[in-house]
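Here come two complexes built around subunit A, the first alongside subunit B, the second alongside subunit C.
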Partner chain A sequence: MTRLAFRNLFQSKTRLVISVGGAALALLLILSLDAIFAGVEKQITAYINHSGADIFISQKNVRNMHMASSSLPITFVKTAASVPGVDQVTPIMYLANMVVVGNERNPAYIIGLPENAVMGGPWQVSVGRGNPATGEAVIDRSVAEKSGLSLGDNVEILGMKFKLVGLSEGTASLVNSVAFISFADFVSLRGSQDAVSFLLIKIMPGDSPVDVAARIEAMMPQVTAETTVDFADQEKRVVKDMSTDVVTIMNMIGFLIGLAVMALTVYTATLARRKEFGVLKALGAKNNDLYRAVVAQAFLSVILGFSTGLLFTLLLSWIIPYLGVNLLLEVSITSLIKVGVVSLVIASLSAFLPIRQIAGLDPALVFRGK
Partner chain B sequence: MTSSTLRVINVTKRYGNSTTEVIAVNDVSFSVAPGEIVLIMGPSGSGKTTLLSMLGALLKPTEGEIQLNGDVISALAENRLPDIRLRQFGFIFQDFNLLSALTALENVTIVAELAGSKNGAARKKALALLIDLGLEERLNFLPEKLSGGEKQRVAIARALINDPALILADEPTANLDSKIGHEIMRLLRGIAKGQGRSVVIVSHDLRIKDIADRVLWLEDGQFKEMVEMATDPVCGMKIEKERALSAKWEGRIYYFCAKGCRDEFTQEPEGFTREIKVIVE
Partner chain C sequence: MFLAQRNLFHDKTRLALSVGGVALAVMLILILKGFLTGMNRQITSYIEHSPGSIVIAQKGVGNLLGVTSILPSDATAQVDNVNGVDKVIPILSQFVILDLHGKKQPAYMIGYDPDLGGGPWKITEGHEPAANTEMVMDRILAKRHDLKIGDNFAIMGQEFTIVGLSDGTTSWMTSFFFILKPAAELLLRAPGTTSFLFIETETGTNVADVQSRLNELPAINALTKGEMTANDLKLFAKVFSTPLKLMVGIAFLVGTMIVGLIIYTATVERQREYGVIKAIGASNRLLYRVVTAQALVAAIAGALLGVALAYLTAQAIMALRSQFLIMIEPRDILLAFLSGLGMALVAALFPARVIAGLAPAEVFRK
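The block that comes next holds the complex of A and B.
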C-alpha cells in the first residue's frame, strides 16, 4: 500500500507540487521563524558569550543585560578580586542607548571599557583598534557601513561626539548592536564616579565557575554572581518571553496553512481515485488497507514538504548574510523536533476526511461503472 | 485450487420500501459446477449487475442464500466478506479497472499482497501469470500505455493471482474489438477447462455463447427460457420462431409476422431470400 501511495503521489506532478509545495511553504514559515528567533537569541547573547568572562557579577537579582540596569559600588572590584578562585576582575559600564549618525539612530548596548581591559571588549575587529581611548568609539562594521561611516568619522553616543577608531565584527543583531567607548567617557557622561554596572570575572585555571560564583555570593551578599552560561541563558529567556506570543501566533498560522493545503490536496487526491479505491475494495482490500494508503500518501507529502522546507530554510540562512541584513538564521534541533511533530499532526489530520470518505465507499459501485 | 460449486437458492433483492420498492432480482436459483462456464444474458435493467454483485459478495440478498463450497456466504458478517472476495473470487470488469498509477506487474502483485503474500513471492507469481498471458514485454508499462486487450489480460492475471474458485466477469469483451474479444474468450475457456475454475460471465456479447456451457436469460429479475428469434424476410420485423407463421423454400424454413408477409413471400421468394440470423435480444 505504501508503494501505491508513493505512485499515486508522484503520478500527478501538479498535485505533487501543490501538495509538497504547500506543506513546504507552511513548514518553511515555522522553521524560518524559529531560526530567526534562535539567531536573534544567539546574536543578542554574543557579547556575553564572547566577553571572555567566566562569571558576571551584577546588582542583587539582576540576571541579564537586555532592558536591565545594574549598579555596583566601585569598591566591589577589590572585594571580588579577593574571593578565592578569582583571577581577574574587569568592571564595565553599560547602558542601552543609541548610536546616532545624522538622522539615523541605531539602538545599541553602550559599553564603557577600562583602559587595557582584558575582558568585555570587541572580540573581533575588522578595521582599526578595539580598545577606545577618551573621545573614541568602536562600533559594529555593519552599522558603520549602513550609516556610511569610516574610521576617523564622528558618531554621537549618549549625547557626545566620538571619533570612530575601530569597527568590530559580530556585534550586531536584527534589533541592536554593541558600541564601545572608554570607561572614563562613560563615567563623565553619566556623572557617577563611584559605581560600575557589571564586574566581569576570570577565574583561576582549574577552578569551577559555579563554585567561584557561589563563593562570590557568599562573600558579597549584595550582588548576584552568575556563570557566563547562566547569564546568557537568562538573557535568552528575556528575548524568548518577549517573542513567545509572536512565535506562537506565526506557528499557528503556519500550522493552519499547512493543514489546509495538505487536507485539500489529500482529499482531492482521494476523490480523484475514488473509483480505484472502490475497485480495491471490491477485490477484497479491507478499509484498513486503504486507510494505510491514504495515510502513507499524507505522510509522504509532509515528509517531502518538511525536507523541502528545511532545505529552503538552510538556503535562506546561507543567503541572508550576503544581503547585508543583520539577521542570523539558526536551525536548532528543538525547532526541527517541533516542526517534525507539527508535520505529523498535519499529516494525520489531513488524512482524516479522506478516510471517512473511503469508509463509506460502496464496493458494488464498480459493477455500475461508478 | 479448491474444487467448489456456487449455489444460488431462491435469491431475491429488493431496493426501497413499500411504495418505492423495486425488485431487481426475483427468486432466482441456479448453480455453477467446477470448470463450468455460465453466461448470464438479458436486456439492460434486467438485474444482471445486481445478481453479479450478490454472487461476488458485494451485495447481500434480501432473501435466499448464496453458497460457495457449501458455506453460506450471503449470511456472513460484513467484515468477513473482503477476505472471501480476495481469496475465493476473481473479478474481471468491462472497463478493466486497473490502478492507473501502478504498472501491469504491480497491478497484479498488489492483490496477492493484500491476501498476505510477501512481496517477493507475490511478484514472482504475478510475473509467471503475466508471462503466461503473453505480457512479458509489458510488465512495467502503466495501464495508459497498454492496449484494451493487454489491459484485460492484466485484469485476468489479477483475477487469477489468489487462485480463486470462481471467476466473475462483467462484460469482459465489451470494450474490445472482435479479434481481441475472441482471444479473451479463449483465455476464459482455458481458465475453466484447463484449471477447473468456475466462470460466471454477464454479457450482451453473443459470441460468448460459443464458449459457454450454459446460457441463462435474465429478464425482469427472473430467469426465463431462451427464446429463439427470427427476422421476417419481408417486413424485417423480429419475431419469436415458435409463434410465427412459416414457409419452406429451397430446403430452408422462413418465419413471418403475419399471413400477408407470408403470402407476399410465396409469390416471389427470390426477392426475399436473405440470410436470417437468430436474434436473442
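The block that comes next holds the complex of A and C.
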C-alpha cells in the first residue's frame, strides 16, 4: 500500500509540486517567523552577552536596556565597589539615539565608555581601535559601510560631531546598532554630571554572580542587580512578550493554509483515482488497507513539504546577510519540534476527507462505468 | 460558458475548497494590511493630537519614538525668541518597559505641564495629574491589567497613583502614560531636561518660514508634525515591512496554487470531454475561455468571502485583544480583489497546458 501511496504521489508531477510546495510554503511561514524572532532575540542581547560583566546594576525596577532608561547617582560606583565579592566596577552611560551621516539617520544605542574600561566596550573591532577618547566614536562596521564612512571621517551623535576611530563587528541588528563614545563626552552632552546609566560588575574569582547580586541588592536598596544571564533573559522576554500574539496569529494562519493545501491535494488525488480504489476494493482490499495508502500519501507529502520548507528557511537565513539587511534568522530546536507537530496534525486531518470518500465507495459501481 | 459553470458546480466539495482557499489567502492579505494600517494610526496618534504645528527635537533626531531626544538646556529660551513663535510647549519623554503581571510591556512615558499642553487629549475617567506622584494611564492598558483609578503603580522604583484614564493612547507596542514633567525629570535623574518642544506659531505667519528660522539655531532640529510622523512611520515600516511582504507573497502563492490545483484536476478529469469538444471543432481558445471562466468565478467568490472573513476575524481579534487595531481600508479591499483575480489568471495557466496538448483523436482511441 505504501507503493500505491508513492505512485499516487509521484505520478502527477504538477500535483506533487503543488502539494509539497503548498505544505512547504505554509511551514515556511511558521518556520521563518520563528527564526526571525529567535534571531532578533539573539541580536538584542548581543551587547549584554559580550559586555564581559557578570552583573548589571540598574535603577530600581529597571530590568532592561532596550526601550528603557536607567539612571543611578555616580556615588553608587564607590558603594558598589565596596560590596564583598565585587572585583571591578565600570559605569556606562546609555541612551537610544541616532548616528547621523549627512542626511542619513541610523537609530543606535549610544554607550558612553570610561577611559580604559575593562567591560562594556566593543568586543570585536575589525578596523581601528575600540576605546574612544574625547571627540571620538566607534560605530558598527555595517552602518559605516552603508553610509560610505571610513576611519577619520566625521559622524554626528547626540547632536555633536565625532571622529571615527574604530569599526566594530556584531553590533548591528535589524532595528539599530550600538555606537560607543567617551564617557566624558556623553556626560557633557547629557548635561547632568552626577548620574550614570548602568554599572557593570566583575566579581571576584570563585564567587557566584547570584550571591554577589543578592548582596548588592541587600546593601543598595535603590538599585536592581541582575546577573548577566538574567539580564539577557529579561531582554529576550521583551521581544517574546511583544511578539507572542502576533506569532500566534501567524502560526494559526500558516496552519490553516497548510491544512487547506494538503487536504485539497490528497483529496483530489484520491478523487482522480476513485476507479482504481474501487477496483482494489472489488478485488478484496479492505477499507483499512486503502486508508493506509491515503494516510501514507498525506504523510509523505507533508514530510517532503517540511524538508523543503526547512531547506528554504535555511537558505533564507544564509542569503539574507548578503543582501545587506541586518536580519538574523535562527532556526531553533523548539521551533522545529513545533512545526513538526503541526505538520503531523495537518497530514492526519487532510487524510480525513478522502478516507470518508473511500469508505463510501461501492466496488460494484466502478464496473458500471461510474 | 455553460460548461464552465457545470464543471465548477458539479462537485460541491471541490467548489467549497477552491473558494475557501482563495478566501483564506485574500483574508490573510487583508488582515496583514489592516494590521499595519492600524499600527500606523496608533503610533502617530500622539503627535497628531499634540499642540502646535512644529516639533523641535535634538539635532540629529527626527523621531518621537524609537530614540531619546535631549535638547540643550537653553533651547526653550532660544526658541521662544525666534520671530513668529507664539507658544513653546516642552515635554520630557522616554520609552520604558513596564513589568505587568510578569509580562514586559513597552510604554511611552510623557512628562508634561498640564497648563501648557502635550498631555492626554481625551480623559474618559478621572483628571490630569496635579502632583508629582500622580499619573494618567491608557484606558485599555489599565483594563488589561485590572488597574483602576486610585490604584498605585510603580515606575522605575517610584510609586505613582493613577488619577485618570486616557482614550486613544493605546497600541500593542506603545501605550502612552502621562506624568508631570518635574516628576519625569526626577525619575530620569535629569533635572531641567527637555526632550521635545511643540511650537505654536503666531497667527498669520508662514509655518515653513518659522521652521527655517528655527533650524538656524544650533543643536536643534525643527520638523513639522507631518515630517515627524512620516519619520516614525518609516522607522516602524523598516522593521515590519520585510516580514509582512514575505507573508503577503506566500498568501498569494498559496491562493494561486489552490485555485490552480482544483481547476487542473477538474480539467484532467474531463480530459475526454474536452477532447470530444475539440474533435467536433472547438478551438483551443474557446476551451481556454472555459477554464479561465472557471478560475475567475472561483476567485471572485473566494475574494468576496475573504473580505467578509477578514472583517469578522478583525472584529474577533480586536474584541479579544483590545490593544490591536486592525483597519481595513477600501483601497486594500480593491488590492485584495485584484490579487484574487491575479491568482485566478495564473491558476488558469495550469490546465491550459493540458488542453493545448490534447489531441482530439486520442479520446476516441481510449
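Note that in this section the second predicted complex is superposed on the first by the 366 of 370 C-alpha atoms of A that agree within 3 Å, B and C clash if a C-alpha of one lies under 4 Å from a C-alpha of the other, contacts with A are read in each partner's own complex, and residues count from 1 in each chain.
Just so we're on the same page, a residue touches a chain if its C-beta (ideal position, glycine included) is under 8 Å from a C-beta of that chain, and two chains touch if they have at least 3 such contacts.
These numbers come from a predicted model, not from an experiment.
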Superposition on subunit A - do subunit B and subunit C clash or fit: fit
Subunit B versus subunit C as contact partner of A:Gln234, first or second or both or neither: second
First (subunit B), second (subunit C), both or neither touched by A:Val77: neither
Angle at subunit A between subunit B and subunit C, C-alpha centres, nearest 10 degrees: 90
Touched partner set for A:Leu336, first subunit B, second subunit C, both or neither: neither
Partner, of subunit C and subunit B, that touches more residues belonging to subunit A: C
Which of subunit B and subunit C A:Leu344 touches, first, second, both or neither: neither
Contacts of A:Val247 with subunit B and subunit C, given as first, second, both or neither: neither
Touching partner for A:Val210 - first (subunit B), second (subunit C), both, neither: neither
Partner chain(s) touched by A:Leu280 [first = subunit B, second = subunit C, both, neither]: first
Superposition-derived minimum Cα distance between subunit C and subunit B (Å): 12
List of subunit A residues in touch with subunit C within their complex: 12, 14-15, 18-19, 21-22, 25-26, 28-29, 32-33, 36, 59-64, 66-73, 95-98, 100, 105, 107, 156-159, 174-175, 189-192, 195, 222, 224, 234, 237-238, 240-242, 245, 249-250, 253, 256-257, 260-261, 263-265, 267-268, 271-272, 325, 327, 353
Residues of subunit A that touch subunit B when the two form their complex: 1, 3-4, 7-8, 10-11, 275-276, 279-286, 289, 363-364, 366-369
Residue ranges of subunit C touching subunit A (in the complex, touch as defined): 11, 13-14, 17-18, 20-21, 24-25, 28, 31, 58-63, 66-70, 72-73, 94-97, 99, 103-106, 154-157, 172-173, 188-193, 219-220, 235, 238-239, 242-243, 246-247, 250-251, 253-254, 257-258, 260-262, 264-265, 268-269, 317, 321, 324, 350
Touching residues (chain side subunit B, partner subunit A) in the complex: 49, 52-53, 56, 58-59, 82-87, 89, 91, 93-95, 97, 99-102, 106, 110-111, 114-115, 158, 162, 170
